[in-house]
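Please read the structure below before turning to the comments.
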Amino acid sequence: MANLSLRRARTIIRKAIEHGRANDMKPLSVIVLDEGGNVQAFEREDDAAPGRFQIAHGKAYGTVMLGMAGTAQMARAEAQAYFIAAANGAYGGNLIPVPGGVLVRDAKGRVLGAVGVTGDTSDNDAAAAKAGIEAVGLVAEI
Amino acid sequence: MANLSLRRARTIIRKAIEHGRANDMKPLSVIVLDEGGNVQAFEREDDAAPGRFQIAHGKAYGTVMLGMAGTAQMARAEAQAYFIAAANGAYGGNLIPVPGGVLVRDAKGRVLGAVGVTGDTSDNDAAAAKAGIEAVGLVAEI
Amino acid sequence: MANLSLRRARTIIRKAIEHGRANDMKPLSVIVLDEGGNVQAFEREDDAAPGRFQIAHGKAYGTVMLGMAGTAQMARAEAQAYFIAAANGAYGGNLIPVPGGVLVRDAKGRVLGAVGVTGDTSDNDAAAAKAGIEAVGLVAEI
Amino acid sequence: MANLSLRRARTIIRKAIEHGRANDMKPLSVIVLDEGGNVQAFEREDDAAPGRFQIAHGKAYGTVMLGMAGTAQMARAEAQAYFIAAANGAYGGNLIPVPGGVLVRDAKGRVLGAVGVTGDTSDNDAAAAKAGIEAVGLVAEI
């Protein structure tokens, strides 16, 4: 039962949003991508800015396509901005290289997909994603 | 309480999927866009093809941006293919002019957004969207 | 005093909208482009669909860039769909080849720009554009 | 009467332009987007450069889609250029992260849309937008 079913995706999103509410975060938007980088589920909380889908998607998309979570992407962008800019071009502009893009792994370390959260600070976004992922017994790489 | 809240969007998606299951449809993917054409919520059932987000999005996006549901778009495409092709260009290629893109109106006729369903036949997709919309007491224009 | 000033553009838009109201048309969106094909003014009436800018723009843009009004573009699309499709590609997808894109000429026949109207039937859209253009003493080529 | 009607959009644009003239600014271009990021009204003053629509649009579009006004976008771009560059990619290149993109809120703080002004210095552009927004009794977040 390794894959990231819709049932699990729903729970990840709900728990990430609950984490945001419990910690007084701003309204969150949460996406779950499967291991192929394709959209499985998404929710935007009321009062979030209308364009949050694109940001959540970009955080998760780069994460799963590069196999590199948001924190690592940001470190790479700080060290070598032209690499991340070039990768972004190669992915059609669909990459947001900051925390809040989180890899989802099973207990054996296999990547099952990625979660993208946006709305609060990047670090809080990542913490909300982690809370959601751990709620379904999977491993979050921030 | 006119707007299409996340609470309502969730119910629309669940009821559309339940309708699909109750009628032995193939796995469905369901999107809800707000009145500005921005993504509010999306779910893809297990075993649906990976690229279903883009199809569900295109059905709903053209519907809300043109204020014209999928059935009317298809009729226009049959009568005047170059118009729909051109409109698609104007919207960046984000328009899928077939049934399954359904306008959401309140009791007074005001457009609150659109639902896009894909996975089964276009007519079945539209019926599933309608079931979801009516489950929250709103009016579906197929 | 040949050019299409903002003062004239405003009057064209107001008179086109008044024409629509006087004739019980649906809510209109009206754009004025200058002789270079660049946006000078635009208004979308309340209750028009949100994506009407792109349609109004496409009608006017093809009109001024090709020097061919919407009716002539539509005739060409009927006769030779691949030409209009190819022109559309060359213009980045920004061409809507139906009536409602109207050339604006001065008394000597010089093109000053184009008006694009969308919201009602294509023929009514063109009539509204004509009413606006004639209200400032210029010549409309539908 | 919370929404940003065409009546209000017209007044915002006129008052922003009057503010520019009263303060000897260069010719201004002013756009109003609704809460979904869609174009509601636009005017470009005579003698403004022809491509001002795209700049005004980009200032307002990023503002409403991110829920973050131009000044805050510029601060983020100064601190973390790759984030703003990436967000721009996610929005199809339609983001101009400098002052002159101004959020429009009602008295309760709800976002009703955004105004984008371009033509003079970025700070003057923002002041003109603010003058227009306050003229209709709404709140400007610069």
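Just a few scattered comments:
Each chain carries a letter (A, B, C and D) given by its place in the written order, and its residues are counted from 1.
In this section, a contact is a pair of C-beta atoms (placed from the backbone, for glycine too) under 8 Å apart; a residue touches a chain by one contact, two chains touch by 3 or more.
Every value quoted in this text rests on a predicted model; they were computed, and no experiment measured them.
Chain C and chain D have Cα centroids lying 25 Å from one another. We define each chain's centre as the mean of its Cα atoms; on that basis chain A and chain C are separated by 44 Å. If each chain is reduced to the centroid of its CA atoms, chain B and chain D end up 31 Å from each other. Once the centre of each chain is set as its mean CA position, chain A and chain D turn out to be 30 Å apart.
For chain A, the set of residues touching two or more other chains reads 50-51. Chain contact topology: the protein chains form a pattern that is neither a line, a ring, a star nor a complete graph. Pairwise chain contacts in this structure: A-B, A-D, B-C, B-D, C-D.
Of all the residues in chain B, the ones that touch chain D in their complex are 34-38, 92.
Considering their complex, residues 47-51, 54-55, 57-58, 77, 81, 84-85, 88, 92-98 of chain C touch chain B. Partner chain A is touched in their complex by these residues of chain B: 5-6, 9-10, 34, 36, 38-46, 50-51, 53.
For chain D in complex with chain A, the touching residues are 35-37, 64-68, 80-83, 85-93, 111.
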